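The following pair of complexes shares a single chain, chain A, combined with chain B in the former and chain C in the latter.
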Partner chain A sequence: MTAKQLFPWIAGAALIALPFVYREPYHLHILILILIWSFAYTSWSMMGRFGLVSLGHGGFMGVGAYVTALLWNHLGLSPWIGIPIAMAAAALLAVIVAYPCFRFRITGHYFVLVTLALSGIVLQVITATRDYTGGSLGYTPDRTKGSQLWALQFDDKVTWYLIALGVWAVGLVIWKWVDRSMDRYALEAISEDEDAAAAAGVNVTWEKLKITLISALMTALAGALYCQYQMFISPDTVSGISVSLQMVFAVIVGGLYVSLGPTIGAVITILLAEGLRIGFGTKAVGWDNLVYGVLLVVFIIFLPKGILGSILDRLKTARKV
Partner chain B sequence: MTEIFDIYLLEAMVNGILLGGVLALLALGLNLIFGVIDVTWICYAELVMIGMYGMYYLVQVFGLPYYVAAPFTILLVAGLGALLHLLVIAPLLSAPPINQLLATGGVLFVLQSFATVAFGIDFRNLGIRMPVLKFAEMHFSYSRLLAFAAALIGMLLVYFFMKKTFVGTAIRAISQDRQIMALMGVDTRRIYLITSALGGALAGLAACLLVLQYDIHPFVGLSFGPITFLICVLGGLGNFVGGFVAAFVFAEIISLGGLFSDLEWGYVLAFAFFIVMMFIRPAGLLARRS
Partner chain C sequence: MLVVEGLVKRFGGFTAVNQVSFRVEQGEILGLIGPNGSGKSTIFNMLSGTFAPSAGSMQFDGTEISGLAPHRIINRGIGRTFQIPRPFHRLTMFENVALAGYFGQGKHSRIKAEEAAERALGMVGLTTDRHALVDGLGAAGLKKLELAKALATGPKLLLADESLGGLDENEMDQAADMLRKIRDELGITIIWVEHIMGVLMRVVDRVMVLDHGEKISEGLPSQVSSDPRVVEVYLGTDAVATQAAAAEARR
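Entry: the complex of A and B
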């Protein structure tokens, strides 16, 4: 094995060993949040990297979180069953909206705005059914006493860290798997020119639907995980247009076209928000989003490939020279 | 029993039409920018929000009368529109359209959090209470009637500007063919800038009207922003007449849906209607099917 092949294994082992060596709860908490959001951002980029810019992912995330919590509270269904149901619900939603979109060739601006309507619908439904979901005040899954595997509730951060790490790693594996498949070439061809791709024998509708389904399933899982970890969800934190925009923002900053780009985006955005919160306390309200917004605009204008993407590009050209 | 119900229904329908006027104004501004520059300003409703704060400060803090403050606000937002074009859109004109859309998404964040930082998250209002008009057992607030009338006048002014002036003609020509007009000696940069300012001015006018009906807070844009985009898409992006019709269809759905249940369900219904319509008429309500 060369050093390049060895590196992911060493990094992985180091990440697994980390909580056994260092277990300061606050830092672990930040790491868990970074891992969960990295997974969500990676799910978004599954579609985004092929030009399918969706603002509906806040909707999928909301479905993942709320369906899991509602099934647990009202029917007593364990999250082990509830999460697959929530993911299936998000997938169904994705098919209902995406299939006609792809079939009738709704692309570009129109696709973005249709998906925007989707996250609007999910947000409004959660707010309107406030008798069950708590509306904009948020919702808390019923607590069990202590850690329970069946209820997927754990008191210690180490367990959560390992779960989040595992899910995040699975996200990267799916990314690599898509990267090596034929679908990637088909989707890249589609994002360049749909007509040409169709003429070359690519089943445009089916290929786009496949990647959308993968993306929606993963996003719903991220929402459910976030809900189980935080034990509190509200429409503002897991659904709606601002969450969708937050995903887009983090991915653009990190780098859309490289597998670790969304992760870098999550690291930067969460550390920025936490840093501002600690540094300025309540005075910082609004400042983090102000910095986000300015960065987003600056990045799109000057560094459209994101931080990691641009660094990797530099390294590549440097090596060639 | 049925008679009372009918009165409520009628009242909701008329209120829907009145709401439609302001939505149509917003849709016109967005369509204008899309039609000419081929960019969607995701942050359009946030410009309106800044305009509403402008009105608040001019009227409440500096003590100007409403009708004096309104022109200043319109100018302010028109300036913001031009600035947005110069700083964000102009450098991205040759970038993929999605990047322009996302960049204005960033501006949305900036404006929202700027308002949070600068003005705080308290709800504010102008403190102007307009009388309520009673007509045949129905109640309509004057603020809505005023908004409707002003929106119609604003739209007529834009119509005459586009039809009767040289610049208006140039704008319409550019929206038909972007490349050729540059060859015909039209300064596209200047036209883009004027269009952006005009779009901003429409947002400013909408701000002056909405400030009478809504409390002002940094996230107020979210309560009518998404609806405006959906209206534009439903009418066909860049299609002025389509946007006008779609605004009233949407306003009626929200108003009537809200009558039978909560206001949120009115919105859910409107969003669902939008998605269904996208599949039936992807290019907009009035477009011919190809």
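Entry: the complex of A and C
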């Protein structure tokens, strides 16, 4: 095994060992958030890297979080069953929105607009059905006593860290799996020229639908996970346009075309948001968004491949020389 | 092999192809010529499934193909090239062709796709280097890549769309020989759309001439090129008059 093949295993072992050595709760909390959001951003980039820019992922995430919590509170359904149902619901929503788009060739900006509407609609539905969802005040899954595996509720942060780490790693594995498949060729081709891809024998509608489904399923899982960890969700933190935009920001900052790009994006944006929050305190609510906005513009202009993408490119050219 | 009857395509009030019928026999090269806007590419787009015909039938190997999605038609064995090459720049040359091999044959086998890509690239004379990029190719190279993509889909019938535009005379001859070689060695039936009559006439078995969406002539190259209606379309009525006058003067 070469050093390059060995690296992911060493890094993985170090990440697993970390909470047993270092247990500062606030830092672990930040790490867990970074892992969950990294997974959500990775899910978004599954589509985004092929030019399928979706602003509807806030909707999928909201469905994942709220369906899981509602099933638990109202029907007493364990998240172990509730999460698959929530993921299936998000997938169904994805098909309803995406299939007509792909079938009738709604692409580019128009696709972005349709998905934008999806985010808005999910947010509106959550807010409007406030008798069930608590509306904009937010929603809390009923607490069990102590840590319960069947309720997917744990008091200690170490367990949550390991769960989030596992799910994040699965996200990376799916990313790699897609990256190595022939479907990646097809999707790259589709992103350039749909007619030419069809002339090469690619079923354009089906290929796009497949990646959308994978992406929506993963995003819903991220939402459910966030809900179970935080034990509090509100429409603004897990759904809507701002969450969708947050995904786009982070992925573009980190790097759209590399597997760890979304993760780097999550590290940067979450640390930035936390730093600003602590630094400015309550004097500067919303500053993180302003900084995000400026950063996004700067990144699109100067580092279109994101931080990690640009660094890897540098390394590659340096090696060639 | 291919039987087309009463093919019509209307775009709004404009009839691009009007009541065109023709047959293509196994193993022949049919030339399809006509001025710009005569409906050649529209016929290709219908045969390959990009457009659905407004009326008429297209039977390939005894089954109706009109209205099928492009990828289904390719899986049945009709490959196509585009008038202007449309390579995928985000993939390497080899990946471009392997993609066509994987999805075009409908077998979804990576090994078979890569074999098909090697064969197709070898056939058209491009490198089988897996890392070679599309960006370095010139006009002739891009046309070859386009052809390799179509060949990798394993077609029984190849629709070659104006494959010689933008080439010099030498390259044109090479490309024409390539089409003949594809027919002779791989047994692939070809419909070849072209503006330039000279090169085409040398290679094809039969020619069909279109003008304003209608078939005006069909037959052996020698018959068609002396057909007064074809001469009129290609050279204009003035030319016919001049030719007649010249013939008169010679007498």
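One rule holds for everything that comes next: the second predicted complex is superposed on the first by the 321 of 321 C-alpha atoms of A that agree within 3 Å, B and C clash if a C-alpha of one lies under 4 Å from a C-alpha of the other, contacts with A are read in each partner's own complex, and residues count from 1 in each chain.
Keep this in mind: a residue touches a chain if its C-beta (ideal position, glycine included) is under 8 Å from a C-beta of that chain, and two chains touch if they have at least 3 such contacts.
Not measured: the values here are computed from a predicted model.
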item	value
Room on chain A for both chain B and chain C (clash or fit)	fit
Touching partner for A:Ala13 - first (chain B), second (chain C), both, neither	neither
Touched partner set for A:Ala196, first chain B, second chain C, both or neither	second
C-alpha centroid angle, chain C to chain B via chain A, nearest 10°	80
Touched partner set for A:Leu271, first chain B, second chain C, both or neither	neither
Partner chain(s) touched by A:Leu118 [first = chain B, second = chain C, both, neither]	first
Larger contact residue set on chain A - chain B or chain C	B
Touching partner for A:Leu149 - first (chain B), second (chain C), both, neither	neither
Contacts of A:Leu137 with chain B and chain C, given as first, second, both or neither	neither
Partner chain(s) touched by A:Val97 [first = chain B, second = chain C, both, neither]	first
Per-pair minimum CA distance [chain C against chain B, superposed on A] in Å	7
Interfacial residue positions of chain A with respect to chain B in the complex	51, 53, 97, 100-101, 104-106, 108-110, 112-114, 116-118, 120-121, 124-125, 127-128, 241-242, 245, 248-249, 252, 285-290, 292-297, 300-301, 304
Chain B residues touching chain A - in the complex, by the definition given at the top	40, 88, 91-92, 95, 97-99, 101-103, 105-117, 121, 218, 222, 226, 229-230, 233, 237, 261-262, 264-265, 267-268, 271-272, 274-275, 278-279, 282
Interface residues, chain A side, partner chain C - complex	182, 185-186, 188-189, 191-193, 195-204
Sites on chain C touched by chain A in the complex	48-50, 69-71, 74-75, 80, 82, 86-91, 95-96, 98-100, 102-106, 108, 110, 113, 149-150, 153
